[in-house]
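Presented sequentially are two complexes of chain A, the first with chain B as partner and the second with chain C.
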Partner chain A sequence: MIQRHFDEELADLKKKLLHMGSLVQEMIHLAVKGLVEQDESMAKTVFGMENEVNGLHIEIDNIALRLIALHQPMAADLRLLATVVKINSEIERIADLAVNMCESTHFILAKPLVKPLIDLPEMAEIAQKMVSESLKSFTGSDVALAQRVLDEDDRVDDLKDQIFRELLTYMISDPSTIDRAISLILISRNIERIGDHATNIAEDVIYMVQGRDVRHKTKEMEKHKY
Partner chain B sequence: MIQRHFDEELADLKKKLLHMGSLVQEMIHLAVKGLVEQDESMAKTVFGMENEVNGLHIEIDNIALRLIALHQPMAADLRLLATVVKINSEIERIADLAVNMCESTHFILAKPLVKPLIDLPEMAEIAQKMVSESLKSFTGSDVALAQRVLDEDDRVDDLKDQIFRELLTYMISDPSTIDRAISLILISRNIERIGDHATNIAEDVIYMVQGRDVRHKTKEMEKHKY
Partner chain C sequence: MKTPMQNTVLTAEKIDYNGANIAKRFSGHNVMAQRPNNKEVEAVDLSIYYGNTPAVNKVTLPFYKNCITAIIGPSGCGKSTLIKSINRVCEISSKMKVEGEILFKGKNVYDRDVDVVELRRRIGMVFQKPNPFPKSIYDNVAFGPRLHGRYSRKALNELVEHSLRQAALWEEVKDRIQKSALTLSGGQQQRLCIARALAVGPEVLLMDEPCSALDPIATAKIEELVLELKKQYTIILVTHNMQQAARISDYTGFLLMGELIEFEESFILFTTPKEKLTEDYITGRFG
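Our next item is the complex of A and B:
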């Protein structure tokens, strides 16, 4: 009876986490849409959604800790709950990044766009897909899907480098574009970090399922590459 | 007897966490020193220390989970262990940021410095102090000290804005400085994020002690300010 109650609460907790995940995906989408369509009204919606995400963040943390305290789960369930707490933090940070993007957009839209935006929306789309797939890998305990998320992060990094090089050319040839170009570079770094958070989620899922820690191994490989 | 054993393990866990905290403070210090003194050899030391931090990160997570599973602590101890897990993540991210700073430095040092560095080291010093104080507030359950860490974050943000404005002036007057100036801006963003992580730790401590969630309230206030 107690076990059944625990399972129900756990299912409810996962549902809340996924709802929070859907919210931040929509926030990323709106933040980029507001930039591409030069529409500042999107930012208000994003700020409103952030409040909901913040509420869920606190609620999920509290429920997870209460479940651990009341039901004292062993091994597998404990690892699952620890993963929920970690993913919860990652999602909340993604929401922060979407808000940062809206704030940078505010400065960019004060003047005409430096260039048509093509790579940035593509980069954001991949990052958003990574978030979606990393959460799907969690609900399905799907290590292969989690592994694909890790691979996609390279594509995001490549786009970030490409965007940086292109904007650098613009800035050098026309210094009046510098402030807007830097804002675009900062937005691309925000998207990169969203990809990193999805990668963290995927690594947490692999660790949860396999009990094997890939977290630092993959980071080691991509770092120190200069 | 079991309780005494638990307390010993908990004390040992805290000690490991503080050791990890000292390591990242040294990493921040060396990363900035390498930039100011234009000495690339610091980066190697920082990369080596990151490996140690990564090892501790995994170890601390595992010990905290094992303590929860074996001893099934109630309320206060459970909250303490949850805080250890959270602070553990924050410290590991600070180490990542110190590594990022070394990587940006590598590009900057290929050419002469854009300007003498004064604000950046000052900003880093405050951020490092915030890390130190946030950890001290954890070991002492010192809410007043944690609150001071939150206040110091404003100073870091002001310096970041000041650095940005100054470098913008350099770039506009001499476009050949753009790539190095952007690297300095990115380093200042890394330092800003170190301050944010110290703020997260301070907020976690306040939550741990008071059971009151300041995490989103303070963030709300500083955001949306445009």
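Our next item is the complex of A and C:
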């Protein structure tokens, strides 16, 4: 087996992507903690981390593009680089969503909470775990773990619906809660989107490892084993 | 009557601008993409021996009509032997033993009643290094037709022009057609060799590393030409240049030490090869 300089460059690129991934996991954690503990100081840290994520977003894209142009990779190398570029965008979007959550928190904390927060932290925990596991599946080329991430997404979606229904009853019974309730709904929507991005990462990992495209798979397709 | 699923497939194919069908898109390499059923040439259980060692070992490989099929593999893997055995030009230079069959339109080219000269007219060949005859451009192209049949002066002129146009060379040489072919550049000489091969009206074109002696611009011209030619001819291309195989071929076969390791649609072979050996070779890990 020939040792390739290219492999070292790929390993460095993966390392950068994982660093970016750990930053956004911390951002989600802080954004939710800021809301639950009613501590706005978390937001500042999140905003600071977003700058670093944005820098990495551009840097990773540039390195991947350079490797594609100079090495003209094939097969597994090509799939890896295509996946890195896609995951890079997904992670950057997750960072944006964490920032959005902090902004909504700012409005919510201006007045007393509409209701005790129970489902929202649980939902955030699942979404954060999905992000963490999707990145782990990328590092370990672990298709089984990526598949588990895909399965988790339904739970996040269900919790989002539940939160929406509950807050709707609050808004109907007391219209003065509308602004804070809507902010909470927006936060749940942001968390749900984080779950979607983790799902996308997991789908990309399955493509990277097996060359199998599992995106947009309808039940009809599954029935016919396409 | 169509089932609802068949309708879905048709609709999806319409919007699939890459030509990859829906089965392939949704399941990667788990489902075999539909292959054409018109094999112009087919190697069946083909083994070729120089002495006791097989240079090609039990290879079965289809070459579809109007498709470009690339054969890749490291030096000495048997790809040139394989391509040269298709129109039996390898018999000229060396003693060899062939087992198995090469079917051309269903008939084994090694059958006793096959006219080898006629076979080589119908299966033309272009070599690695441009090898024009030390004659005029016109005479190079007219050489084959003069051997194979009697043409009037007018018919021959038309045939030469047509062949040079097909090889995308006419505009560059029409004013110096009687000049020596050796005054042309390497890329032009190679296109002249393609025109010479086309002039005898072949059905299959064998190309043994046709661009390896050419610069990138001449290479690009030949590649464009080959893509144009596949509308009329079946093309079999041996190449060391994997990017070239990926760019222009429809199907690719990977040979290693005389054995066919993998044969697949090129898009699939270069993105998701099934065999580890193919993966190692095309990613440059082979050693």
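Quick notes
Going forward, the second predicted complex is superposed on the first by the 214 of 226 C-alpha atoms of A that agree within 3 Å, B and C clash if a C-alpha of one lies under 4 Å from a C-alpha of the other, contacts with A are read in each partner's own complex, and residues count from 1 in each chain.
Assume contacts are C-beta pairs under 8 Å (C-beta built on N, C-alpha and C of every residue); 3 or more make two chains touch, one makes a residue touch a chain.
Since we're looking at a predicted model, the values are computed, not measured.
Of the two partner chains, chain B is the only one that A:Ile178 touches; chain C does not reach it. In the superposition on chain A, contact is made by A:Gln210 with chain C only, not with chain B. By the document's definition of touching, neither partner reaches A:Gly48: not chain B, not chain C. When the two complexes are overlaid on their common chain A, residue A:Glu103 makes contact with chain B while staying clear of chain C. Taking chain A as the reference chain, the count of touched residues is higher for B when chain B and chain C are set side by side.
Looking at the shared chain after the overlay, A:Arg189 reaches chain B, while chain C stays out of its contact range. Applying the stated contact rule after C-alpha superposition, one finds that A:Gln72 touches each of chain B and chain C.
Taken together, the two complexes place residues 72, 74-75, 78-79, 213, 220, 224, 226 of chain A in contact with chain B and also with chain C. Those residues of chain B whose C-beta lies close enough to touch chain A in the complex are 47, 51, 54-55, 57-58, 61, 65, 68-69, 72, 74-75, 78-79, 82, 85-86, 89, 96, 99, 103, 106, 168, 171-172, 175-176, 178-179, 182, 185-186, 189, 213, 215-216, 219-220, 223-224, 226. Of all the residues in chain C, the ones that touch chain A in their complex are 5, 8, 22-23, 25-31, 242-243, 246, 270-273, 278-280, 282-287.
Chain contact summary for the complex, chain A toward chain C: residues 1-2, 4, 6, 72-79, 207, 210-213, 217, 220-221, 224-226.
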